[in-house]
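Following this line, the structures themselves.
In the two assemblies presented below, chain A is common to both, partnered first by chain B and then by chain C.
What follows is the complex of A and B.
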């Protein structure tokens, strides 16, 4: 049986349930690289071009990790996933970047997804991918139907308030209708940023788990439904043409305007071009609404002191504010 | 016997110790250079407390700064708090109607915005240490000027040289070029102070509403040149607390006092821990690909703490008497 490697990086947390089900349904074994660790980080940094952002470097590390273990590596060329929108240039060129940076690679399956003009080409991309693996039309169609179902379950969980790092573990298990929003938490914080930074727990030093262990409810952009994201991002004077940018701005704007959060932590990778615009848009909106905002810029540092100080001070500040509103002495 | 409270700020450049009395007065303070040896300096500091004040009755202890966890473990601190909260607490004690705190330390710079006595916003420098104390230290050394004279020299200049302030590397090369062109030292130093302030306001202070009264604290507040550059740019007076260099320690001392009043007992291990031998060992755990850097602290023959592992295997096996490598 042939083995396909899926690197645990970049769009992994957006689409893994879809990819996994599709390939498995076609009778192909899936190998996912292990969670990011020091070894993967080091491999990535030594093979990737220096100017790239940390998530791209880490992705290189995941490919290095997989390359001797599999027959194919799946790195789709995701150019556009919505009409008149684009992804980050580094995502567009990812398969090429990998091909020229890493030697002795197994063949890369670089299915092109380009829905900028229409959805028509999407089906063709799916069939081409299946055909490459020697499957016939009906097999592919059936596999994709199943994959869609499992992806829908994942999205359903996210919209129900399950954080993606949890949802990705449980989406394919039998589950009752969990209602996460009923849990009582003292504070609600939005963790915003690109999915490949906020869900990679090594890169961000367990930011989401740290907040959750402080009895804080965490909301991320992926947990806001698409309709709302479109509605709120349309409030910008100019249309946001980056899909992830639109998701970040739309979800943050909706939570700010609906007053559903006590604070926003923006997690950005050093050198991210998109973030140079997005951070400012979100920050200005938050300041106007008097919602605490803080920016964490991460690169390959692994000393946690700096990040911990900022998180701790941020939580302190929100608690201090809340206590003050409840007329309890602010000092203690 | 009088009651005293101790606040300790273990920072990247300095370790500060203050002793407060029941009325929040600073009875004693000490500013020590950390020099990358936090445990030794901490013990040295405690020895000095004993030498100069005798065996006083310390009712509560708090630690802050980037070494706060380590110091807290060794001392048995009642409160371990981040620097931002501590600076806010002490600045409010210094001036209750304070609205903005500028704090520039060894490796961090912060701005804290306070309205009606509570912190409403803060920011810390993001990635680069340009414009912090250690940068100034280094440039002073390079120019062959003692850091103590740095500020005074800046005040002598009335013709600043423009120096790029956004990045420490660019600032340094810009400064060298200006030196080669023959600009005099005072003008370069004054230019450097202005560059630091410009960088601070554009990076850390970006988008913040800086209203007076403004307090300026942290080690860099000793530099009159920086104070003047802030006042020129912000067009208002900047207040420097008398104990500007130990404000973090004062803040955590105040918090420790409040905490002890609440729980009515202290977990402080006593001043005589300066006689105990502490050993720190580190190792790289090779059990999985994370290759965690595990740290173990030994107090005498006991293992006081282990940390640094992501899975918790070493942290949790502390009772197990087997020591690391």
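What follows is the complex of A and C.
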């Protein structure tokens, strides 16, 4: 049986359930690289161009990890996932960066996904992928239908308030609300950033679990539904042409305006060009609405102790603020 | 309405004359300087790319000189440039400057909006007038690019290359006091004549280097630490892969098909980068191949720190270097780039190219092919 390698990085966190079901339905064995660790990070740093951002370097590491273990590596070329929108330039060129930075690669399946002009091309990309693996039309169609179903289930879980890291673990098991104790939570915090920054637990040193174990309810951009994201991102003075930028800004704006959160932690990775724009937009909005905002930029050298201290200080500040507000209202 | 715009190499010369022809008052920003960069760095998000910071510096310096309207072109992805205007506007708002932004977005974002903006910014009374001024502006762009090109070539061949600097320096000073298109053209003709009169040494066989990379960094001499001038004094002929003329030819004159040269570059880049990656990442790879085919000795990639498309290109360039046997050097630029280290790297690269040329000659001699 042929083996396909899926690197655990970049859009893995958005689409893994979809890809997994699809390939499994086609009877193909998939091998996912292990969770990011020191070794993978170092492999990535040494093979990738120095100037790249941390997530792209980590992705290189995952490909290095997989390259001797599989027959193909799946790195879709994701150009655009919505009409008139784009992904980051580094995402557009990701298969090329990998191909010319890493030696001795198995063939890369770099199906192009470009829905900028129309949605029809999507089907074609799926068939192309299946065909490459020697499958026929009906097999592919059936597999994709099934994959789509389970992907919908996954999205449903997210919209119900399950954090994606958990959702990936449980999406085919029994439904379980991770944030079930929400009524007892003292604080609600939005953790915002690119999916591969906020769900890579090595890169962000388990930030989300840390918050949750502190009795904090966590909301991430993937948990806000598309309709809301569109509505709130439309408030920008100019159309946001990055799909992921739109998700980040739209979700943050909606939570800020609807006053659903006590604070925002923006998780950015060192060298991210898109974030230099997005952070500015979100921070300005938060400041105007007087919602505490903090930016955590992670790089290869970030130490866990430093991050912990900053998060603790941020949580304390919010708790203190809440108490203070309550006092004032009690006196009035 | 007192109009200003951000600097982009010599474009302000044509831009100023073009707007003045239409009867607008123009206040171009002072030439980019350390101060421009300092102001820009102070007020911009730290991780924004270098062109953004210079833009901010330009605006503030122009506003202090009295400008109240800023003209810029926009884009809608996939690179950061498309969102420059929004961030810039809020930064200037925060600083309490009362200025209006007029952004020319691409035509697919709405024809009506574009038309409106054109009417407002350009004070168009009739389309005939606009076309006349447009053609005139185009002529000026070509002419000022030609002068830059001529000066680069002259520097490499000149007996005394510093004469060229003197001519160009006084040209730039004169531009500031020249009003209207006709006078500008006259000035340019004079400069052309003086450049042509510079004595050259025909026996020189200059090294040829192609400058590739991010468009702004290639075109704006302040940002690339005057790379053309520096190389010129080392006796190197420099060709820039992107100039305002080439840009207009690709995006305006041949709309929507694109110019022949740029399409050729896409074709060359295709085996390495089959699709667009934003900015000029694909062109960078294509240009490197293009220059190697044209017999250039080497290429230099200019990469403003954190520039997304150029990072993609950079990871492919080592393969091009191997496949086409052309030395490639990447220079990363940001507000900390130091003059001394920069110079050393340029010198070392030129040395390398000279040695390589020498070796090739010897090989020919030895093996007789």
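The rule is simple: the second predicted complex is superposed on the first by the 316 of 332 C-alpha atoms of A that agree within 3 Å, B and C clash if a C-alpha of one lies under 4 Å from a C-alpha of the other, contacts with A are read in each partner's own complex, and residues count from 1 in each chain.
The rule is simple: a residue touches a chain if its C-beta (ideal position, glycine included) is under 8 Å from a C-beta of that chain, and two chains touch if they have at least 3 such contacts.
None of the values given here were measured: they were computed from a predicted structure.
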Superposition on chain A - do chain B and chain C clash or fit: fit
Chain B versus chain C as contact partner of A:39, first or second or both or neither: first
Which superposed partner A:284 touches (first chain B, second chain C, both, neither): both
Partner chain in contact with A:82 - chain B first, chain C second, else both or neither: neither
Which superposed partner A:310 touches (first chain B, second chain C, both, neither): first
Partner chain(s) touched by A:148 [first = chain B, second = chain C, both, neither]: neither
Geometry of the superposed three-chain model: angle at chain A (Cα centres of chain B and chain C, steps of 10 degrees): 80
Superposed arrangement (fit on chain A Cα atoms) - minimum chain B/chain C Cα distance in Å: 5
Intersection of the chain A residues that touch chain B with those that touch chain C: 284
Chain C - residues contacting chain A, complex: 45-49, 74, 76-80, 82-83, 85-87, 89-90, 109, 272-279, 281, 303, 305-309, 311-312, 314-316, 318-319, 332
List of chain B residues in touch with chain A within their complex: 66, 81-85, 89, 108, 116-124, 126-127, 207, 258-259, 262, 288-292
Interface residues, chain A side, partner chain B - complex: 34, 37-40, 202, 270, 283-284, 287, 290, 292-295, 297, 299, 305-306, 308-310, 312-314, 316-317, 320-321, 324, 330-332
Contact footprint of chain C on chain A as seen in their complex: 48-49, 51-52, 77, 79, 84-90, 92-93, 96-97, 100-101, 112, 114, 236-242, 271-277, 279-281, 284
